[in-house]
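Right, one structure below, let's go through it.
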Amino acid sequence: MEPQEVVDLVRRVLGDMVRDVKIWKGNDYIEVEIDASSIREAAARMKEAGFDHVKDVTAVDYMKEGRFRIIYNLSSYNNFDLSYYIVGLAYDIPRDKPETVSLADIYTSAEFQEREVYEGFGIIFKGHPDLKPLLLSPPVAEQKPLRKDFIVREEPEIKVEKKR
Amino acid sequence: MSGIVRGNVGFNDLKIPGMWSRKIGKDLYEVFIGPQHPGSGHMRIIIRIDGDIIVEAEPDMGYVHRTMEKLSEGRAWIKAIPLFERMAIHDACNVTLPYVRAVEKLLGIEAPLRAKYLRVLLCEINRIAAFLYGFGIFGVFLGHSTMYMWPFGDREVWVELAEWLTGARLTHTYPVFGGVRRDVPEGFTDSLRKAIRYMRRRLEDYRKIFVDNPVIRARLEDVGVIPRNLAIELGITGPNLRASGVRYDVRKNHPYEVYDELDFEIPVFQEGDAYARVHQRVQEILQSLRILEQVADWLDKHPREPVMHERFWKTAPPLYKKIFQETGRVKLGAVMAIMKIPQGKAYERGETARGEISYYVESDGGNKPYRIRIHSASARNALVYKYIVPGHRVMDLPAIYGSIDYFPPEADR
Amino acid sequence: MSPIISDIIKIIIWPPLWQLIVLGLLLPLGVVVFIIWFERKTAARVQRRIGPYHVSPRIAGGLQLVADLMRYMFQEIIIPKTVDVAPFIMAPLIALILSILPVVAMPFTSNASYFPIGMRYSLIVALALITLSPIFVIVAGWASNNKFSLIGGMREAYLITAYELIVMVSFLSASAATGSFDLVKIVEAQAGGKWLGLLNPLALLAALIGVLLSTSGFPFEIPESEHEVVAGAYTEYSGLVYGINMGAAYLKRMVYSILIALVFLGGWRPYTPGPGFVSGYLIPSIVVFIKATILMMIFSFLRAVYGRYRLDQALDIAWKYIFPLAVAGFGLSLALAYLGIY
Amino acid sequence: MPVEFAEKTVPPGRGIFKRFKGNIEAIAIGVKYFFDPKRSTLIYPKEYIKLRENYRGFIVLNAKKCINCGSCARICPAAAMKLIRRPYTDPKTGKTRMKLWPVINYNRCIFCGYCVDVCPTEALHHVNYHDVVFDNMEEMDQTLESFQQAPEHPTAKEGIPVRYIIDEEKGLVKVRVEGGEQ
């Protein structure tokens, strides 16, 4: 299966929900941008089309542009041809109102990963069965460490020698 | 906390920072397996039992979380390699290779053929070592102390080989952008062939004392059955997925390095229970040995040639080339530390011993990653606890834990 | 020799006291120390290791056990606030005493002047006493007020239902064969190589598995199964009290082994006890101990080969396979009696 | 290469006979190893492994070769390698000026060997041992002087050097090698 065929398939399945499609370098990662409002519908249709599990769920913080991009990277176990590709179902949400809907009831494999996005970015997934931090302890999760305004400082390379 | 809270203190009145409290069902007994529990590793599984039957199980991960995604955002691209390999140090090459490949994809380069073979070589050595490690943990979970010691002892053979090749026992940091860091030393392939033959012999011993042992069979058969559909739905991965009858292996479905040139097959079992997972791993070790034999043959036939991509090797001073020809050690260019990666996104995955690991790498064109999302095999498999464990007996928990070869540091990242 | 010293010697070798203290406690303790060392060394050999070594390299780490014992003795005994103190402390002690008490009912010689307590039902009494101690494991688990302890104690309770009947039936098959409940008569009937274990291997096998079940030996090490319930009923124990717990379990297995040696393996035979302390008491008891020690070594070896069964599987095996085996052994004994072999 | 997936099934094992056979096999292999253990234990520190020359052990600076480029500090993933300012007198011209010299902090070092590989003049090299004793944490933070000397290797003074060789039947076989200071 060629990447273009997958793009055609995605366009056929999602119809006019698709805003933009991009094939990234390597020709195996296809990013499909959709509207935040149509994510549940799109996910359900993609699942029917053979993308049967979520490879991972992630978010990227574009602080300067004031948005979060949430990406569900879908792939297939059943369909050998599709399994070569990863389709990233991506949508943007505003950074000051980090709320979206959960896909945990459509993709069970997304359940823990949505919790991870929640703890890292503070994005609330409505309808998630058990939304709480997965890896971090609650006080740490409150600081939303994966956002870009949480800065981890690295040490400088030049050291001032101490007197022993 | 001293003593027991008495009187009519409501459940919700108990507010301890960092802790939740909640009501559980009547007649249920809540047992915390971990994190200081001998059978848990660095994680906690909260189980609620009714008699001897687990009715609810909840994995509580994160005890060895090292914030790798965040840390990698603050340092140069190449510095993330030693960081990521600490996810699963006995599987270091498999774990870091997809990241290296993702960055290579962004750079638009590919490693030379010899480097690809060397990567596969270390990947398979790591894979066997990691399987043996898993067997050891599995054995001790079932109370089988010999199956704990034997695989750990035999793993030493592979660790020894890896150390010979890379110079470090576990944290090899072997693949780097554009190639690998060492070429095979002299006499390496002979020892490798000996190790392959030795391992085949030992697998027969394992079969006798562990795999075909009636006690072990009784413990594992029909325990922790993951039906095919559920395995796909939960996104289980690796040998656990294939033991449930799904034909999926990244080495076949999305071949990387030279896996598409090598002759091997992926075993698939239909049963989906813990015992099938044991057999799955035994078969996969055999396949890895088969791959290693072919790699050894290839390396013997081909003389030493640069194992670094032209882009970094063309400008290398003569000293570098001399050192490489004499000792097989690849000197890194100073550009590695300050290298800028072109803007873009890449998604790369690889088959580790425990299953599929995937890296989503995004670059804004700077000398540091903009965002790296890692999702490791054990993190995918963690859902098993929530959805498969309930309904089993308490004593089945270690059997399931061991059979899915869960490795907390890998899951916690 | 002054009369006082001879009186003291008389008191020391007074059979009931000698039997309980020397043959019941000290000698088994020595054997247990050897067996624990042997168990570790065996497992190490099979597992391609060296095992205990650094404490005394010359004697293959033999002093390691002494070092361990010292460690247990000087470790702080922690009694958690939440436990029920009296049963928590008493349970291991009573379990220890009850573990060695059956020795009092077991004669180690046919010389009547060295019977600990002469009686005609010594087999029954020994079996009755031997099955008492598990109750105190349950008590220890309950008193610990800890989830793992309680689960461990309950597992022990489940297992009692599995092994008690097997042990009883398989040992009583000796009575069926020889027509006596008296251990002396049972042993004497096996004179001339007619060991019951050889003629009736079914009952011997059932008894061996019953012992493994009751002393939580592999593959039935379920109540203390480390990877689910930490240390079972002994989770909250520490220091010397924990050591007593562990020692009691081994002593119990030793007492069982002695009983098997007497009932199935011909006791002090082929040696025929004569008069006097040495030939009438010391040598026959040493013969019995050697046989029991070999049994213990076999039990220890199984640790290196097996994992552990699940609780319900252990019950399943016990009731579906081993209990019929024990009954078959009993039947075989009746047949032996009918044929007039004994 | 065609995609090959091999359908396999678990061999049957139920039934009294199979179970009996399984038990006998397990005990037999246990007895076999009981009599022929094929041990490979290293009795450390009486023996120690003489590691290969390419082992990534502790790192030593050869200041004569150092060109003060700072690449090692820049590539260090653990921020263990730091640069310190020290005056340097050029033997030819006799001029003294401040230069940046690398020092390592073994509290942080992860022995990835990047610094050695990136050094353009081979001023850094690994020694082939790792069992070094430091008295305290301050000592692990090397000074420029201590970084130029190979650290003391105490096990080599009292132990017998051995090396493991891979054998077809026994796995790892311990053989004695030359070296050691005893």
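Think of it as A, B, C and D in the order they're written, each chain with its own count starting at 1.
Here, a contact is a pair of C-beta atoms (placed from the backbone, for glycine too) under 8 Å apart; a residue touches a chain by one contact, two chains touch by 3 or more.
What you see is a predicted model, and the numbers here were worked out from it, not measured in a lab.
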{"item": "Most central chain, judged by mean C-alpha position against the global CA mean", "value": "B"}
{"item": "Chain A-chain D separation of Cα centroids, rounded to whole Å", "value": "39"}
{"item": "For chain C paired with chain D, centre-to-centre distance based on mean C-alpha positions, whole Å", "value": "49"}
{"item": "Cα-centroid distance, chain A relative to chain C, in whole angstrom", "value": "62"}
{"item": "Length of the line joining the C-alpha centres of chain B and chain C, rounded to whole Å", "value": "45"}
{"item": "Residue numbers of chain D (touch at least two other chains)", "value": "3, 26, 29-30, 40, 74"}
{"item": "For chain A, residues contacting two or more additional chains", "value": "80, 154"}
{"item": "Junction residues of chain C, two or more chains touched", "value": "46-49, 304-306"}
{"item": "Each pair of chains that touches, named by its two labels", "value": "A-B, A-D, B-C, B-D, C-D"}
{"item": "Of all residues in chain C, those that touch chain B in their complex", "value": "43, 46-49, 81-82, 147-148, 151, 218-219, 221-222, 225-230, 303-313"}
{"item": "Chain B - residues contacting chain C, complex", "value": "2-4, 29-31, 33, 37-39, 52, 139-150, 153, 209-210, 213, 215-216, 218-219, 393-398"}
{"item": "List of chain B residues in touch with chain A within their complex", "value": "17-18, 20, 61-62, 65, 67, 69-71, 73-75, 105-106, 108, 231-235, 241, 246-248, 253-254, 344-349, 356, 358, 360, 362, 370-371, 373, 375, 379-380, 382-383, 386-387, 412-413"}
{"item": "Interface residues, chain C side, partner chain D - complex", "value": "42, 44-50, 53, 301, 304-306"}
{"item": "Of all residues in chain A, those that touch chain D in their complex", "value": "80, 154-155, 157-161, 164"}
